[in-house]
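Have a look at the structure that comes next, please.
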Amino acid sequence: MPFQVAVCGPRHCTPQDEQHAREVGRLLAQAGATVICGGGVGVMAAVAAGAHAEGGLVIGVRPGDTAADADPHLSAVIVTNLGEARNAVIVWSADAVIAIGGSWGTLSEIALAKRRGTIPVITLGGWTITDHHGNPLADDAIPASTPQDAVTHALNHRS
Amino acid sequence: MPFQVAVCGPRHCTPQDEQHAREVGRLLAQAGATVICGGGVGVMAAVAAGAHAEGGLVIGVRPGDTAADADPHLSAVIVTNLGEARNAVIVWSADAVIAIGGSWGTLSEIALAKRRGTIPVITLGGWTITDHHGNPLADDAIPASTPQDAVTHALNHRS
Amino acid sequence: MPFQVAVCGPRHCTPQDEQHAREVGRLLAQAGATVICGGGVGVMAAVAAGAHAEGGLVIGVRPGDTAADADPHLSAVIVTNLGEARNAVIVWSADAVIAIGGSWGTLSEIALAKRRGTIPVITLGGWTITDHHGNPLADDAIPASTPQDAVTHALNHRS
Amino acid sequence: MPFQVAVCGPRHCTPQDEQHAREVGRLLAQAGATVICGGGVGVMAAVAAGAHAEGGLVIGVRPGDTAADADPHLSAVIVTNLGEARNAVIVWSADAVIAIGGSWGTLSEIALAKRRGTIPVITLGGWTITDHHGNPLADDAIPASTPQDAVTHALNHRS
């Protein structure tokens, strides 16, 4: 089975997030990894386009009850009808998680992935979490500086 | 996006169920349809093997928290950690459902698919449901007599 | 913790189903059992009304994203936003399941409860399931003839 | 239907978190609000004990497949078997959310509640989230300074 990397990020993202997501999708596909994403717009669409451009497998996991609003670059669509509980499904399906950009939905995926605890969680941009005193968390996600850096961290865990 | 057909059936199935599932998988892959299944043993493994043998895309949707027990012929694994609530995810991801053989889990998928109501539900073997008086249901699933018949019914709904 | 009994049944039910559900709700509340139901109309509303009339605790587990459409006799509402995957939550929350009447949603709950396998599943009216040859299932749900009979079967399993 | 307040927080919490949770539970019960919580140890147990001591209704929503590990002060247990996807069920069942203390699971509940967007989300202690430049989020949760302050914010939204 190919290595599966979840790529998460906002529907409403910055141009830089979008560029990062597309590049992460390309690099993952080139490395033969399968991309799991939310299958919608913004970062989700950009990573799907990047993976698709390189002939990679990319699966969208949708929150609603229809595939009609899914991104056209997906290889397959999982229609969960679970609302945002689908974020947990994305996280459990991943051998590594890359989060690009900041939003509440993205933060929920980072948090669920860290809660799961057995896979690398990498952030590229996005929000910062500190403890009650403003200090970094001992067990924080891994910050990446570039798409290549994020993908390298994720694939390091491929056995 | 390719047409997606869920193929459901027991873990502990008869040799005939297994043969039917393998043939359904082959026929769906030959027709260019994507197979969605539970990703485990029995009917799930047989349909995955059939689709894989024809180079088709086949996605397993697992109930547990790991891909370690997933069938090796799957193209990708969705690890839901939702238990049997994952049956609803399989049903919602499908453009048509083919149920092969009888078990309580299979029956739950038939019932959830009929409850959804917007897709064809086809049975090949398996259990029989009647109303309180022993009469057939007005709105029952479509019974198929052969794997080819089941696949034809499912693909009839491809737009 | 009180014994929890899930009572399932159609939204669109017969007058007899409704009368049965109300009586089952009353009897469970009188016995100090908590009722878990789908929190909607039909059998769900009738069992809630029956339990409420006897001062019992009755919890509705809704499929949508709002409590606005929940039955007014509920003590509390669990809003799942999981669609019909919520049927699995009802089943897992139960120490026993009583199904009243026939529908695809109700059948999915019977099937999920039998698939779980560790709790008594009792039917009062509703559909009949047979094997491929029209014979009764060896492992079928327990048929009850009256509300009192159904409740007695359910509470037999109270430790 | 009574107003329902979800109270979230770590399994492994500080003594102050525990004291805060117990007091929040007491105050909510005194106000006639129903408490929804995760039903486990730490903050979950403390809020249940506080609500129970005042005769309040408190419902635990468990991630696993059994009620055996549920807190004994719960009025009822919803056994989801959904893993941490149950965090979304807690959030959707709430008319307001109070998060006490910091952990990845707690952060996922804050994030899912903010993603939902229609209910007040109040924090009492716990982690701090900032944007990429270290600035506060425009749309952050409401920070409370005491249990009474947290409960007042939550009940302000009771119609």
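Lettered A, B, C and D in written order, each chain numbered from 1.
Rule of thumb we're sticking to: a residue touches a chain if its C-beta (ideal position, glycine included) is under 8 Å from a C-beta of that chain, and two chains touch if they have at least 3 such contacts.
Given the structure is predicted, the values throughout are model-derived calculations rather than measurements.
The interface at A-D recurs elsewhere; of B-D, B-C or C-D, the pair that shares more than half of its residue-numbered contact pairs is B-C. Computed centre separation for the pair chain A/chain B is 29 angstrom, with centres defined by C-alpha atoms. Centre-to-centre separation of chain A and chain C, using mean CA positions: 39 Å.
Touching of two or more other chains is recorded for residues 65, 81-85, 88-89, 92 of chain A. Under the stated contact rule, the graph of chain-to-chain touches is complete, every pair of chains being in contact.
On the chain D side of its complex with chain C, the touching residues are 1-2, 4, 34, 36, 57, 59, 61, 65, 67, 70, 72, 74-82, 88-89, 92-93.
Residue ranges on chain A touching chain C, taken from their complex, read 65, 81-85. Against chain B, in their complex, chain C makes its touches with residues 82-85, 87-89, 92, 102-105, 107-108, 111-112, 114-117, 125-132, 134, 137, 139.
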